[in-house]
Structure formats: C-alpha cells, structure tokens
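All chains are identified by letter, namely A, B, C and D, in their written order; residue positions are counted from 1 within each chain.
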C-alpha cells in the first residue's frame, strides 16, 4: 500500500463524513422537518472519495440527484450543506437550491442536478474550458446506471472523444435506477462496453472498495491530465437505502440489502483491510467516527434554529443585471 | 357514488380505457417498476402509485417500463400513436419536457397539418406540474403555457377528481395529441376530491366549469389555483362581493365564450395562474379579454402569477412564490373598490387575522 | 460608416468579441464546416456563411464544429460558460430547441438562482427564427415567447443591422445567458441594413427603440415585424394617422416603460408578433398594458399574430400565415376609426390598389 | 442470381424513377419555381429500393430530410410528390408539408422529417405497434451518418433491444453530414460498431450495390419478422449532389464526386451486372429510362399549372376536432 497513514485516515474521515451526513438526514427526515426529495448516497462513499482524492479545486465535477456524497468529497462544507437541506439563509445556496441543487463553484462543483444525465454534457463543457485555457485540469461526471441510457450522455461521450477533452465519465452502477434494474434497462451486456464503442477507453471496477477506485482513478486522471482525451469508468456499487427517502423498495429483496450492508460496505471493508495491514487501529477509526457523530449533531441543531432567507431573496439572483 | 381523490380518479380512467380498447397502452419510467429487479414487479406503479395494478391486469406488453430515455420513449409513443395504438405516455415531471420536447413540438403536434390531414396521432401525455412540494426549481414547474401555445396539441389542466377522470378518458379517446397536466398538490387534496362515478364518462374539451357564480368580478383559474380562487371568492361573498370563478379545464381548446360572457356581466377580470410571469396562460386570457371584451371592462385586468424567478426551495420563499388566496382577494378589492395594491393587501390581511 | 446587412453586422460582432477576449468561443454544427472532409476547411462558416473566416483567424480550438448532437453540445457550452469561458453556441434553427431545451431551461437559466447567486453563466445562444422562406413547419418557427417566459434567460430579437451588432456584442459581454434570435428574412433585407460602425459598441438590453413616432396608436413589433409595422405607419401617416412604432429589441428584459408611456399618449395598442397565436409575446404586451395602463386605453387592444396553426409550406398559405402590413394597417383603422374588421381590411386593400 | 427478370427490371425502374425524380428537381430548381430547401438522394437509390423491396404497405418506414427516394421506394405516387414540391393543392400533403414532410400513412410511410434522427424513435414506435398487435410486420428507420450522433437515436436503439422490437436501423453513411465528415463527427471507428454495444446485431454493407443491399435486407427483415428483435445496418453510400440544392460543396473535392459518379453509381453498376449476366438488354433498360423521362416531364408541366391550396386550407387539419 503506497498510502500514508495520514492519507488513509483522511480518506476514511471523508467517507465517514458522507456516511454520517446521510445517516443524520435519514434519521432527521423522519421528524418531517427536512422538506423535499432526498436521495441518499449511503453505501457508495468509496466512489466519491476515491475519485475526488485525485482532484483539486481547479478540477470540476458534475454530480446528480444523489449528490451529497460528491459535494462533501469535493470539499464543500457539510455544515452549510445541512443548512441548505433545511432551507436556511446560511445554506450553501442560500436555501434556494436544496438537496438536488447543491453546488459550489469555488470548489469546482457544478452542482447536484435534478435532471438525470445532465451532468455529462456539463462536465464535458468544463473539460472544454480546461482545454481552451491550456490547463491540465480535468472534470468528472458522476452518473448512475439509469442515467447511462440518456441519449445526451452518449452525445457528451462522443463529443469528448472527438474533441479529446479531459473528462471522466464515472458511472456509479448500483444496479438500479429508481425501481428499474440495470439488466432490464441496459440492452448491452455491460455499460462499460458502450464506452469502447464511442472510441473511449473504459475500466470496470469495484465501487465498494476504496482502493479499487483510488488506484483506478490515479491512472485515469493521469491519462486525462496528460491530454489523452476522455475515460469511462463503470464502478459496481450498492445503494443502502431506497431511491428516495420514503421509498418502500418493494423491488428489492431484504436479503439483498442486508447482504450488501454486511459484505459490501465500503467503510467496513476499508477499516478491516487497514487494520489487518496494521496501518491504523480500531480506536483511531472509532475516534473519527465519534467526532463526526458529534459534529453532525451540532450541524442539525444549528440548522433547525437558523434564520430563513429574507423575503427579498425570492426575487434576487435571477440575473446578474436586468 | 363515492368521494374519490384525483389520484384514484386518474387510475380509474386509465384502467377503464385499457379494458375498453386493447390499443391503449401505458409507457413511462417505473409505470410498473421492479423490471429487472429481484423483488416485486409493479413495485411502484408510477412514482406516485397511480398506475399500480395495471401491469397485473394488462401485462408487460401494454404497461411498458422504459429506461431513462425521455426523447426515445416519447418518440416511440408518438410513432406508436401514428401507426395504430393509443398510447398514454407518462412524463414523470413536466419539468423534464426539455428532454423530449421535439417529439411533441415538431412531431406529434404537426403530423396532421404537415401531412395534409392524413395522420391520426391519438397520444395522451400525462405529466406532473406544480410547486408547493419543496421539490425545487427542476421539479416544480407548470409549463402548460408552452403546451398551450403549440398548434396541434391539446392541453388539459384538471382541478378536481370528477373532471380528472372524465377529461382523461376524453383525452385517451381523443384522436388528437393531448397533454394532461396533473398538479402534484391536488392528488390527495381533500378539496379536489369529489363524487366520482365508478363507470366511464367523458368531460368534453373546451367547456369551462363555473366553480362559483357572482356579478362583480370574473376570476379565471386552473388546477390548484381554482381552489385558491374559490376560497377567496367565498370570503369575498361574505363581504358582499360576488365572483364568477371560471375553471377552463382545458387551455387548448379554450372556452373563450364562457370567459367573454362572464366579463360582459362583471366588467372585471382577474387571472390566477401558476404557469409563468411572462408570456403565460394569464397573459393569454388577459389579451383575449382586452381585445374581445374591451368595451365591457370597468377596471384594469389583474394577473396573479408567480414572480419571474425559478421556483425556490426554501419553504417560506416557495410559499411566497405560489399565487395565494390573499393575493387573489386583494386583486379583487383593487378592481372592485379601486383600492391601491398595498391598501388592498392590508385589508385582506386584516380581515384574515380578524377571522382567526 | 458603411451601410451593412444584418449578416455582416453579426459576423463583425463575433469577430470583434473573439479578438477582445480569448474566452469567447463559437460552438455549433458546421460553424466552420469541412472538418473531416477532403475539401476546404471553413467550407460553410455556418450554414449561412456568417461565421466564415473565423476559424482561419481563431483556430479549431475556438471555432468548434460539433457532431449533430444538440443536447450534447449545448450542454457542453453551458458547462464551459459556468467554468470560465464565454461561449457563443449556434442552434442552427430555433425550431430545434426541443432537441436541447433542457440545457437552457433547467440548467443555464437556473444556475444562478439555484446556487444562491454564485454561478456566472455567460452563454450566448445564436439561433434562426422566422417564416417566409418556404422552409415549412419545422424550420420556420419563432419560439421567443417560450424563451421570454424563462426566468434567468435574456432574449434578444433584433430588427436591423446596427442593433444586431450592438446587441450581440452586449449579449457576449453580458454575464447572464442570452438567446439571440436572428430572423432569416432579415439577413439580407435592404430595409434591415443600416449604417454600422466598424468599431465595437453595445446596444443596452431593455431599451426600446422608437422606430416611428405618432400620436394616435402605439404599435409594438419585433424583428421582421418592425418593418411591416413601419411600412404600415408610413402609409397611415399619409392619411393623417400617427403611429408610435416601438421595437423593444429585447423581450427580456423588456422596456415596459417605453410601451406604457407611449400608450399613455396614444390610448391605443396594437402588437404585431410572429411568435404564437396563444400565450405569445403579443399576449404578454397586451396583458402588461391592460393591467398597467388600462385607464388610458380608448379602444380594444389588437393582436396581429399568425393563426393557431403550424407554418404551412405552400407559398400562398405561408404568406397568409405571416402577419402582414395590411393586417397592421387594418387593425389601426379599427382602433382609431372604429371600423369593423372587414371594413377596415377593405379600406386598406382599396387604398393599396389605388396606390398601385 | 435468384431474382427474376421481371423483378430485376422492376427494381431498376424504381431506382431509375428516384433518379429521374431528383434529376428533374435538380434541373427545375434552377428556374426558381420550387420553393424551400431541397436535399437530393441521387447516388443513394440502391438503398431505398433494396430495403423497401422487402416491405409491404403494412410495414412502416420513417425517413429523413433526404426523403424523396425513400418515399418513392415505399410506393408513394411521384406525380403527387412533385405536386407537393410545388406546393399545390393536389400534392401528397395538400401542399402543406413540402419536400421535408412528405408522408403517406396509407403506404406505411411515417414521413420525411426535418429533424435529424427523429425517425429513429418514431420507427421504434411503429415497431411497438406491430409487437402489441401481434403482427409480423417490421419498421425501418433511414438515417444518415450525421444523424448517428443524435442521442435519441441511441435511446431508440436501446429501447428496441430491451423491448425486442422489429425495427431496422438503416444508416446511410454517405461520409458527410452537411459539410462535416464522418471521420470527424463519429468518435468510434465505425458506426456499425456502436450497434453491437447496444446489444444489437449489425451488418456493414455496400450501399452503392443494389444486390448487396437486397441480399442483406432479405436476411435482416426475416430476422425481425421472426421476432428476434432489432437490427442495425450501416450502408456505405455516396451523395452525388450537395447537401442541399445550392450548396457549393467546397468541403469536397471535385474528383471525389466525379469518381463516385463514374465508379459507384448504383444504377450503372446494376445495369452492367445484369447485362453482363445476360438477364436483360441495354434496350430494355433504355426504354425504362425514356418512359420515366417522359413521365416526369408530364408531372412537372402539370404541377406548374395545378391549383394552389384554397385559402381556408391554412387553418384546416390542425386538429381532428377542436
């Protein structure tokens, strides 16, 4: 393992941060105080963190409806994200975006997105910016197996190939889009195979294993930074909760979920491997966990008390000038 | 005859039509749900459960779950309609129309005209509209003004369960393409529930419904707005101000006569509309009246619309975004009593707190 | 200063801005042409030759030909705009907006608001509108009413070369997304040509142009319609009827004041508009005036729009579809002299044949 | 050769019919009497005829902007098509559609289309009709190499695969879309390769050779009629004229066109092979040619004199009831 202890604990902290974010929302949502649709990322944390580990603030990501994890991994402040989910003035988007529209341009985040697949053309555009400006930055589009059937995702892939743009199409294949299984929705044998047919190299990786993601992305990001054009990655991963909060998930077997939580939990896998290899201790991990539990308690308490947006905010920031 | 929700009414309409005619099929994302999964088929029955049970009865050949490919499946529905089926295509949120619009805009709606009257495209698009669910800027819009402006397309915006069932059956039986807009706040709104016969019936297109009758002001409202307007009218009636509340039910065709006749009586018009602050349905009605019934008008026409902004997420902002009963009542006071906007709103709010 | 066509003016605006700012790029289908072919590069320079020569000067990194993938390249332009470039994206015909609308509707226009004021998306979409070229139902539309209704988007509809250059430079420099609508009948119309400085200049958004001034009627018109209206006004002036012909130039932002002030003087309003027979730009202006300047109105507001039909192919039908100078003049006679529609049109036609 | 003499002459007549249609329009257009955009099919005739040879009126096609050939091949009356191009009342669409919107529902033609790639979802829909009604009819979508980059074409392909629909995606690869070459616009090595990545069988054929098209389609149509799902065909073909009438074609070399006309003309190739094999004579071919020349002279003369649509037609046929 080439990672230092500091790095390992740092990546764990990021993954655990996302997990705690989502578990907190999952719990608090039952009180009815969090408005709107919520799509939780629990189970998929290794992807966001393993990808963003290789990115700087000058690299861009475009996320999707299941965006909390990507945003945290890209460096957005979870405290402000919690505020946003509660619709408060101090929220990352002033309370005007909510869960599906958390963005953070200063951190190179083009935002979560309520339109499935929309991030693919957008991330391709950010890659065009890098190319035109002659920088070696890259952009990453996170999208799901369901999104992989949107025509504009293919269009973006083709554009990226012919313009040789530094964009990574990172497909989080959690096996299901809403309540429709990937085996039904995708006519091809594999999503990654499609990439090849657009003239793009592709990798298929284990998205429940941080190290699989991290190592693959090291190579992929380097490929793109070096000006070799786009890359496609299909990561097999799992979604612990429903499509949205409140989804009874009848399309899944309980054993399927239990099994995933038991054997394919990226956090558990990370901990046990690192501990096994003697690179960190249970106590060290536990202390990260408890720090985060405490932090999120604070975020929620604060958010519930925080001020609502001023009424004038309703008509502000539609245009820069008008 | 039982009191039923719009949700139930819409489900009944689809089932009745699918039983009547084998050519009726349903196409959309998760209209059944569970395809390709290990759990239950029909796990969703549409994200809101409205088409629940249909796949059990009609099978996967007629209840077709699609990949997330709006342009593809909408175009497939259009092609199926032009070649002999009578598809219902569900666009989950109307906000996604920008992902499939060409298939309606340049294809379905234009076939008959472009092809010299020879095409028949009996497509029904069911789609969700409306703010109020904290669903934010990309899941809360009501672009029926755009649908209305499209020649060759019909557009329905029901406000109650009885109408919803009859209008949807009409839409499915209609030989022209129709967009049927379901306001998400209405599905289970008690005010929108009504006595709905178990049997099939149709409500004709282009015939407005007079929700309230009165002599002083005409209020035109659609969908959820009908209930705000009716509520305001009831309050105003107590103060001796009578409102004609007209629910056109279909924006295209539009019952122009009902609106013009009402304005001929009242001399005043207010349009309550969630579609848009610019070039919206409210503007269409205002223009109709200002050009065709100008001589009867005794006061400025008032438009009660959202501001020219996306739908905000935060609840207080979103509530301020949606036209309110108070704004309707204030507009009525403006045009009947000549109050200025501020005084009118103050009066309404004062009456409201007195009542509470 | 030389007399130039709109075609030339638009080309000059792009070139000037690309020279001024390296972040300005042009994206679209065949904006150069010849990529991947054995013949000449820059073979088209846009299907109408407007961007001809740009790839020679700015290279293929900045003049980007795309595959036929509207949603993909429009989204790419949006993403590029949000990350630091200032793209001009050409949508060949506005009729194709249904193939890429989401990227403008739910993305570009909403970023700033949804993201709490932190996004900057300086995108300019150039696109062709308008009937009259026998281009039929899918290549002749003018959906700027839809663009206007979208909060967060600005919309420009220039009528002459001077404005076109200044407004396009303003659009490119503007930090908000803008749709710039070019009427295909105007590119080489001598009436639309004007003295255009070689240097750069901007025409501000939201400031209407008074094309003709008069006391009796206000005529609001955009794009090609401005010239029909001005022609009608000139004829009417000979008969002693004075028209204020107002060209708003931008539909969003809209110079409401100019229109309201004019109607305060004239007491009469006619809107000439190619966008739509329902929920169109004309309806928007009518509603503005009927709600804000009602007390000054002396006559019904008249809308001169196309019928609620697709654009027909056959020339006589298409000519009847497009609003005409005669219809404008007749509308003026209706509102000034109280003539009924038929008498007004007969009077106009009689005057016309007398003149010929 | 398994084709009878009668069949051979019949297919030749159809191809020659299309050629004469287009040459007539090409010539007459210079007089300025034909309004609107015109996209001619000259050079590509073997495709339309070789495909439609296997279809009945109950099978559907969806065509594109370059649609005259497909419509003639599917059995539409060229006389009424010429009327349509002149915008006359008697035109196939009452003069209201024009070149880009010629349709003929009675002949199973969903129409030419001004929206590139739009025919793919539409033809998929017609195939759905066949499946739901339990018929063994098929549908064919004709589209170009340029159209092959539209996202909704991919969406339609995926839908056709997962629903196992009898639709044939017939890509006429003439090497160029407007003025952009296929090598630039398509990131993959070959358009046909993409099909495989959607889980669909594909063939690449010579679209300048009638027999190559005819034979391939025999198999492909049979495959679809038998309920085996969709098929993709990429036909390499050539476009003799500009993208639209009036296109100066600077993106092409004159030699390229000359060469195509000399060596890749599907009509010449057909004649010489059939004559070589002794199945028909030059005189027989020539007499077909001259019949058609005469016929089109008549169509044009008639169209120029024909009545315009009644003024009321402007507002008719927008709706069936309103």
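In this text, a contact is a pair of C-beta atoms (placed from the backbone, for glycine too) under 8 Å apart; a residue touches a chain by one contact, two chains touch by 3 or more.
What you see is a predicted model; the values in this text were computed from it and never measured.
Common neighbours of chain B and chain C, by the contact definition above: A, D.
Each chain gets one centre point, the mean of its Cα atoms, and the points for chain A and chain C are 41 Å apart. Here the spacing of chain A and chain D, counted between their Cα centres, is 46 Å.
Between the CA-based centres of chain A and chain B the separation comes to 36 Å, rounded to the whole angstrom. For chain C, residues that reach two or more other chains under the stated contact definition are 67, 69, 71-72, 95-96, 99, 102-103, 106, 113-114, 136-138, 151-152, 308-310, 312-313. For chain D, residues that reach two or more other chains under the stated contact definition are 91, 93, 95-97, 101, 113-115, 149-152, 154-155, 158, 162, 184-186, 318.
Taken as a contact graph, the chains are fully connected, with every chain touching every other chain.
Residues 71, 95-99, 101-106, 109-110, 113-114, 136-138, 145-146, 148-149, 151-152, 252, 254, 276-284, 286-287, 289-292, 294-295, 297, 299-303, 308-310, 312-313 of chain C are the ones touching chain B in the complex.
On the side of chain C, the complex with chain A involves touching residues 22-23, 25, 61-62, 64, 66-67, 69, 71-85, 102-103, 106-107, 111-120, 151-152, 154, 174-176, 206, 253. The touching residues of chain A, when paired with chain C in their complex, are 60, 62, 91-97, 101, 103-106, 110-111, 113-115, 118, 120-129, 131-133, 139, 151-152, 154-156, 158-159, 162-163, 316-322.
Residues 35-37, 87-88, 91, 93, 95-101, 113-117, 146-147, 149-152, 176-186, 248-253, 256, 308-309, 311, 313-315, 318 of chain D are the ones touching chain C in the complex. Partner chain A is touched in their complex by these residues of chain B: 29-30, 33-41, 43-44, 47, 65, 67-72, 95-96, 99, 133-139, 307-310, 312-317, 320-321.
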